[in-house]
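Take a look at the structures below.
Here chain A shows up in two complexes: once beside chain B, once beside chain C.
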Partner chain A sequence: MGSINGKDIHKVVVACDAGMGSSVMLASQLRKQLKKFSVTVEHTPVNSIPGDADVVITHNGLAARARAAAPDKVVVPFQVFLGDPAVTAVVKAIESGGEVSG
Partner chain B sequence: MAMSYTPQVQGSGFKAQVQRIGGHLAGMVMPNIGAFIAWGLITALFIPTGWLPNEDFAKLVDPMIFSLLPILIGYTGGRIVHGQRGAVVGAVATVGMIVGAEIPMFLGAMIMGPAAAYLIKLFDKLVEDRIRPGFEMLVDNFSAGIVGGAMALFGVWGAGPVVGRLSDWAGSGVDWLIGQNLLPVASVLVEPAKVLFLNNAINHGVLSPLAVAQAQETGKSILFMIESNPGPGLGLLLAFFLFGPRSLRPSVPAAGIIHFLGGIHEIYFPYVLMKPRLILATIAGGAAGVGTFMVTGAGLVATPSPGSIFAYAAVTPRGGWFGMVLGVLVATVVSFVVASALLGFGKLNGEPKADEDAAAETDDPTSTGPATAEPTTGTRDRETSPAVARSATAEG
Partner chain C sequence: MAELTGDLLDRRAIRLAEEAADRDEAIRRCGEALVDTGAVHPGYVETMLARERSVSTYVGEGVAIPHGTLAGKDLVHRDALAVLRFPAGVDWGGQPVTVCVAIAARGDGHVELLASLAEILLDADRARALREATEPEDVLALLVPAPEDSNR
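Entry: the complex of A and B
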């Protein structure tokens, strides 16, 4: 729903079912990739996405729940946990500007 | 939103609903896994049949499983419903369930924690704006104390015994399944549910509470091993590595390590979702693993979480290694063989766009010949294929 420019992204939230397993893994990868930028990366359960999130990244299988839990956020669903193009696109947008829509 | 593209709004809505309910169950247990591990390690080490029997240390086991773990679950359940106040009331109420039943009250805690928190939430809403200035603290503290205390009394008197009975029935149901050698059939439900991200709900919401009660009685439980066996996922990933679409193969070794050693099973779900017929492989692997555990009398003393081989090793009772290792191995091999066959031992993927091959769906799972296109069952493939996921990004 909606879209956001990469330059306006300050907080990326990676959400998974429990907020303890896969989201932590992906969040730590993203943190490494985005170290140079003033972007915080958090991991949370998909049911409790924080209100100040700019972009929510979650697996396709959980996207419906993420959208229900955070209807006003940009939700980016991805397919595979390692090197997914949707996630790469978010990183690219943050690095060099560009729209992220979800 | 999702409306614009998804052909299965109903399906995914229902799935999300089930996930959400299951997520709440798991959400009460999972933040407390550290305490489960402390209990599991102490149990595995110090009970009379443990690795380093020690009477004094073994005294920790009962208070942990009967009091600490249920109270933590009730506390966390209350917190999910109504923050810190809900947590406190949920914990107090859970003590009633503990006293009212003679078994580890996980189920009771999962019911009573959130229920008591919901009551205090209702009360808070009722008196909101009606308390005179300066009396807020008085009302807050006493309302929490009275509601928590009353729910605890109710737990001792009514709810505890009832839920205790229910847990007993569930336990005997499981015993019956084990007695009838039907436990492997559970994999038919568990494995597909798992890749729909119900893994935590099933393992921590349903199986673990039963398993803990069983382990407390008999020293170990096979129920810990039904969902969490890392074998089926490993076999599937190995098959992908050797016979999967070439574009996906490079990512597989890392996924295998994260899955098998790190215990994050979610990493293999996408590989199944891309080729849903591969669910047959994890079902077969899972069932074979459970069957092996059953025949060898394997069991674990506590929740292996995350489902890594290291976690498995840590909570394996003395003398239980053979069955545990064999079950994981059998599950891996069976899942690998079935998945390899379903992938046509690599021959199905001659065409370049093999990773999105809705067309490669075959009628005959053992077919090694060129893909025979199957017209109707491609929907799921299409729904979950990476290309569509990307377009969903654009539209959603």
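Entry: the complex of A and C
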């Protein structure tokens, strides 16, 4: 919980239940969008979010589990898999600075 | 890459004239394709149904990506995909679905194909081509990234 400035984001984790489907697809898109920046994008199951994650992006339905699993992280929930405004806001914050809160 | 795809997306798992009365039946059909091609233990199919009940795998443009839960991962023999097309459509919790890209994965062997699926879904013309594909070759041409992926 809390917030983080886009400039301080070095690792974005996309979490879903099994880490084999939706998170993989979204992470591939984010990797492409963030290619120019020194930001690592990983996809993981929601209960194995790595300790060095700065921001956790996860489906609305899994946000509570993500917050429980990673209480000190900024958790950004999304509703639609591709083109969700919440995810776009994270990309924008990384590109040009700005706060991401969760 | 070609051999990787041969293993990952078995031709016998590309089934383009399927029928299902509802979402659960569609998922069972998807599961069967993964079972038939030796990618998963039959028990995996129940975890696909469980996953769908907790969070939908609808990803947009008439496409869903059914897959199992974390618990189901142990029932996966190898990373594999199946592509099933339901020309009459299936009601997916209020969204009409025509194409299912079913996933079984232990590792990251399928990541590239899912990345190219994401690209297709962001391109209305290619998404329509996927929904209208009647030949396995068409599906492969869309999903399998060309070398340097720039021949389009």
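Here, the second predicted complex is superposed on the first by the 102 of 102 C-alpha atoms of A that agree within 3 Å, B and C clash if a C-alpha of one lies under 4 Å from a C-alpha of the other, contacts with A are read in each partner's own complex, and residues count from 1 in each chain.
As a convention for this text, a contact is a pair of C-beta atoms (placed from the backbone, for glycine too) under 8 Å apart; a residue touches a chain by one contact, two chains touch by 3 or more.
The structure presented is a predicted model; accordingly, all values stated were derived computationally and were not measured.
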### Query
Clash or fit: chain B and chain C on chain A?
clash
### Message
Just to be sure I read the superposition right, which of the two partners does A:Ala18 touch: chain B = first, chain C = second, or both, or neither?
### Response
both
### Task
Scan A:Arg65 for contacts with chain B and chain C and give back first, second, both or neither.
first
### Task
Have a look at where A:Val41 lands relative to chain B and chain C in the superposition and call it first, second, both or neither.
neither
### Query
Given the touch rule stated above, what does A:Val91 touch, chain B (first), chain C (second), both, or neither?
neither
### Task
May I ask you to decide whether A:Val55 touches chain B, chain C, both, or neither, giving the answer as first, second, both or neither?
neither
#### Entry: Partner touching more residues of chain A, whether chain B or chain C
B
### Task
Report for A:Ser28: first if it touches chain B alone, second if chain C alone, otherwise both or neither.
second
### Summary
chain A residues contacting chain B in one complex and chain C in the other 16-18, 20-22, 25, 45, 47, 59, 61-62, 80-83
#### Entry: Contact set on chain B toward chain A in their complex
1-2, 12-13, 15-16, 19-20, 23-24, 26-27, 30-31, 33, 195-197, 199-201, 248, 251, 254-255, 258, 262-267, 269-271, 273-274, 306, 384-386, 389-390, 392-394, 396
#### Entry: Residues of chain A defined as touching chain C within the complex
16-22, 24-26, 28-29, 32, 45, 47, 59, 61-62, 80-83
### Query
Quick one: in the complex, what on chain A touches chain B?
1, 16-18, 20-22, 25, 45-47, 59-65, 67-68, 71, 75-86, 89, 101-102
### Summary
So, in the complex, the side of chain C touching chain A is made of residues 51, 54-55, 57-60, 65, 67-70, 72-73, 103-105, 108, 110-111, 114-115, 117-118, 121-122
